[in-house]
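The same subunit A turns up in both complexes below, where it pairs with subunit B and then with subunit C.
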Partner chain A sequence: MFKATIDADILKTAIETLSVLVDEARFRISPEGIVVRAVDPANVAMVSFDLNSSAFDEFNADDSEIGMDLSKINDIFSVAGRDEKVVMELDEMSQKMSLHLGGLSYTLALLDPSTIRAEPRIPQLELPAEVVLNGKDLQRAVKAAEKISDHMLLGIDEDVFYMEAEGDTDRVRLDMTRDSLIDLKSGEARSLFSLDYLSDIVKPASRSNEVTVELGKDFPVKIGFAIANGAGKVGYLLAPRIESD
Partner chain B sequence: MNRMPAIVSFVETRKSLTPNLCIKCKGKGLCGRPYCPILEKFKSIESVVPKSSGDTSIFGASPPSVFVGRHNYPNVMAGPMIPPQLCGDDAMQLEDPKALLKMNIQDVIASRSQLVRASTGISVKNARTPDNPLIEKSQELALSKKPVDTEAWFNKPISNKLKFDNVLTPMGPSGDLRKFDITENPKVPKKVDSLVYDDDALAKDAISELWDGNIPAEHISRLLSIGLLGQERKLVPTRWSITAVDDMVGKDLLAEIRDYQQLSEVTVFSGGVFGNHFEIILIPRMFSFELIEVWMPRTVWSGGSTWIEADHEGFGGKTKYSNLAGGYYAARLGALEYLKSIRRQATIFMVREIRPEYWAPLGVWVVREGVRKAFSKEPEKFGSTEHAIANISSRLKTDRSKWMAQAAMLPDIRFQRTLDSFF
Partner chain C sequence: MGVDIGELLKRSTIEVSDLSLNVVAIDAFNTLYQFLSIIRQRDGTPLKDSQGNITSHLSGILYRMTNIVEAGVKPVFVFDGKPPEFKYSTIQKRTEVRENAKAKWAEAKEQGLAEEAYKYAQASARVDATIVEDSKKLLTAMGIPYVDAPSEGEAQAAYMVKKGDADRIASQDYDSLLFGSPKVVRNLTVSGKRKLPKKNIYVDVKPELIDLKENLDELGINQSQLIDIALCVGTDYNDGIEGVGPKTALKLVKEYGSIENILQEKGLEIENLEGIKEFFKSPPVTDDYSLKWNKPDSSAVISFLCGEHDFSEDRVTKALERLEASLGSDQSTLDKWF
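Up next is the complex of A and B:
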């Protein structure tokens, strides 16, 4: 059994954090809320998504697992008004989810979860350095880097968090000192990342004014932030590139 | 084949052309000239069948073969191809890649130049109800898997010009068809028979069923071309039908391959035909495909300089037509056939080096067969992609830095780490 009511806008932004990496996902539903762990087909980035039942106006659920096509859900939300509520109800017999919003009623065929990539194992990483910053600043640096390169360095040098990209002839660098950051835990950190992935990940992160970035030396980066006004959290893990030449 | 066609020099023609455009266009007419000067030169090679020239009627066994032109689409020229006086196995060779592969380029051209294109004007939409009995008979002919004896009469004596193209296999003189008879019953494979009479099957489903029924690509594209497949039947210019079949069959294979396990080791295949040399690296990853085409100086289209272009597709497949045209789909098909046969998926990185030995365009079947030839050889296994790259570089005549610079997908594979390496 699953029946829940939530702000359309909250659900829409929550789904977007997943759809930047995968087209379909397994949703684990329990009385506590909804959990998704998904990895992109190239095994380069993964997302862990937790949406607590408190994010919902109404939440009644048993334990179950469903598979959904995220692009279909995005299509439905593209016509939703800003302050509308969505009522979701699962029909286990027919394996369909009905969504009611603003007088519209959708019936969405679910995917067999076993046809979707299994939940990934999550590497246990001890990352030595951590910064907390406004998501907008992160996005600004990524956008600047995109103009000249397809990858970008993230690193920490003493009390400075830097983001740097180098193109064939040009270079762009954003330095952020302790006072422009919300928090900084210094450590040895310098890793290169593909902007293909990074720019997708910072899109939803840019809406949060407190994004945590954990880094190491040639190690994956963890990017985490809260969703649904604190009633949920999203964390990405992105594998680095090896610096060529 | 003892009568060789005269090999012509086309250096003079080149000077007024821009090789960069030529190699992209390969005879499509992008320069705005009504005819391609490079191909025109080949046309002046005389057919080795002078007896067909000047005749107004011919008798011979069609391999079987039909041709649908693309000029003035949708009102095209179409009809059977007939080698005068040739019968049985000799005729069959002309349309059989396995037989053509045993020849050298001169002999391929000499053999194919015996095929007289007997054509008549028709609108492509009239495929299902041909008001034109000549097309109806061509359709009957196209069904056959074995040569069919035919007789054709022309309005005017046959003109002795050959046809060359980067996708099409060379063809002989052409004539304006007046009357056409099939003098024996075509031998029609059961699978072909049932799908041709199935009006409900979509062309793409019919094609994949024919492929699964071991009908060769040449036969399938012949059926598609002469308007015998699908719900809404149309004539399809031969050139387009060849690539359409390569693409549709490839997509079909890919749908299965995506669910297979990943290959276990980096594997290298090498080989080719007619100066088309292939170096292929299979990398244990999810499916993706990258092809780099290297035209060395003095090959058909390249003029005096090396010309390199690349195209690739990711796990999701390709949506737009490749800038490498028909060759891309033919090469991909060869590689997908191999992956299907070992039931594994992999990332395919392929370099096609076209060497000066490839002095006349023989059509896209050369690519398909070249890739198959490479995959038929004993592979070498490597511990890393880097070692495999070093290995293929040693056999390629073009410097590694030149073709590597065009690779878009390979750097991602070489430098991007995956999360499973952090457990």
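Up next is the complex of A and C:
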């Protein structure tokens, strides 16, 4: 059994955190809320997504797992107005989800979860350095880097968090000192990342005033932030590129 | 070719994509032979350039390897080195069969018997030194590594799997199981539509996975007894016991426990028995290899295939684009961090 009501806007932004990496996802539903763990087809980035039942106006659920085509959901939300509520109800027999939104009633065929790539294991990583900053600053640096390169360095140099990109001829760098950051835990950190992935990830992150970035040396980066006004969280893990000599 | 124990073995059908991120050691001679025998025109003539050089293997390496690399497989070719001495009689026999087939092919072609011609043409396929050299050249240009085995390629490949450097062996033969490879994939390089011999029927050939341990458990034998069964049936190194097929061999090995007891009971002998058994158990192998997948050197591939061997530049370029997208990227994957 699953029946829930939530702000369309909250759900829309929550789904977007998944759809930047995958087209389909397995949603694990329980009385506590909804959990998704997904990895992109190339195994370069994964997302872990937790949306607590408290994010919903109404939430009634047993344990179940459903598969959904995220692009279909995005299509539905593209017609949603501001401050609208969406009511979702699962019909287990027919494996369909009905969505009621501003007078519109959708019936969405679900995907067989077993046909969707299995949940990834989550690597246990000890990342030595951590910064907390406004998502907008992160996005600004990524956007600037995209203009000149397809990859970008994230690193920490004592009390400075830097984001740097180098193209064939040009270079761009954003230095952020402790006072422009919300928090900084200094450590040895310098890793190179693909901007294809980074720009997808910072898009939903840019809506958050507080994004945590955990880094190491030639290690994956963890990027985490809250969703649904604090009633949920999203964490990305992105594998680095290997710096060629 | 190879030991004929296939009917004893259980296998599961898989998709190429199930091997994504697997390092697959490809039995090079076996695979090149498959390319040479399958990639042919209707009357059995292999693909050739304007100079008359055979190019079936090059076509196979470029297009089929691109397909499996695109599916996420990391292939490494393992080439045979010097065959063990007791293989020479097999090699001689194969040469005879091939020469014979070649003559019959010419005959059938003359008489306009297309089916016959195709059959004999396939049987006359031969992996010679030029084909090996050209294949290595193309693989290097494509960024796919290869290993030169000191002796049998399958033995080296099995060693690489046991050592953990490779995940699977791809071969049509079952010999790598005798060398102790835990997992063998068949049909990897020949998957797709394939024509049934002598019939005008096409079947969809899918890769299949053979798990050594599962099969040993299922058959109720150990690794050494599997080798004994092979010796009864006949391997590349011995003729086998007359009239004994795989099922009888299994029964005999279970009844008598070992090949030695069977031979004693039947008053028979296998030449070089000790040597052959030892060869399967600890064949010559090498640690002298490096597995690195590089970005394809497109201009080298194009000048070799299109410049020297008349391939269509358009098609080669398209394959290279697909290859480039999958190979030698400096993006690491999360698997590395588990």
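As a convention for this text, the second predicted complex is superposed on the first by the 245 of 245 C-alpha atoms of A that agree within 3 Å, B and C clash if a C-alpha of one lies under 4 Å from a C-alpha of the other, contacts with A are read in each partner's own complex, and residues count from 1 in each chain.
We take it that a contact is a pair of C-beta atoms (placed from the backbone, for glycine too) under 8 Å apart; a residue touches a chain by one contact, two chains touch by 3 or more.
If you're wondering where the values come from, they're calculated on a predicted model, not measured in any experiment.
Participant: Once both complexes are superposed via subunit A, do subunit B and subunit C end up clashing or fitting?
Facilitator: On the shared subunit A, the partners clash.
Participant: Applying the touch criterion given at the start, work out whether A:220 contacts subunit B, subunit C, both or neither, answering first, second, both or neither.
Facilitator: After superposing on A, A:220 lies in contact with both subunit B and subunit C.
Participant: Please indicate which partner A:45 is in contact with in the superposed arrangement: first for subunit B, second for subunit C, both, or neither.
Facilitator: After superposing on A, A:45 lies in contact with both subunit B and subunit C.
Participant: Given the touch rule stated above, what does A:103 touch, subunit B (first), subunit C (second), both, or neither?
Facilitator: neither
Participant: Scan A:241 for contacts with subunit B and subunit C and give back first, second, both or neither.
Facilitator: Touch partners of A:241: subunit B and subunit C.
Participant: May I ask you to decide whether A:123 touches subunit B, subunit C, both, or neither, giving the answer as first, second, both or neither?
Facilitator: Touch partners of A:123: subunit B and subunit C.
Participant: Any idea which of 57-65, 111-119 or 237-245 of subunit C is the one running into subunit B?
Facilitator: Clashes occur only in 57-65.
Participant: Is there a shared patch on subunit A that both subunit B and subunit C touch, and which residues make it up?
Facilitator: Comparing the two interfaces on subunit A, one with subunit B and one with subunit C, the shared residues are 39, 42-46, 120-121, 123, 125, 194, 219-220, 237, 239-244.
Participant: Along subunit A, where are the residues that touch subunit C in the complex?
Facilitator: My answer: residues 39, 42-46, 120-121, 123, 125, 194, 219-220, 237, 239-244.
Participant: Over in the complex, which subunit A residues touch subunit B? Could you list them?
Facilitator: Counting only subunit A, the residues touching subunit B are 39, 41-46, 120-121, 123, 125, 194, 219-220, 237, 239-244.
Participant: Okay, in this complex, where on subunit B does subunit A touch?
Facilitator: Counting only subunit B, the residues touching subunit A are 285-286, 315, 411-412, 414-423.
Participant: Please give the residue numbers of subunit C that touch subunit A in the complex, ascending.
Facilitator: 21, 330-338
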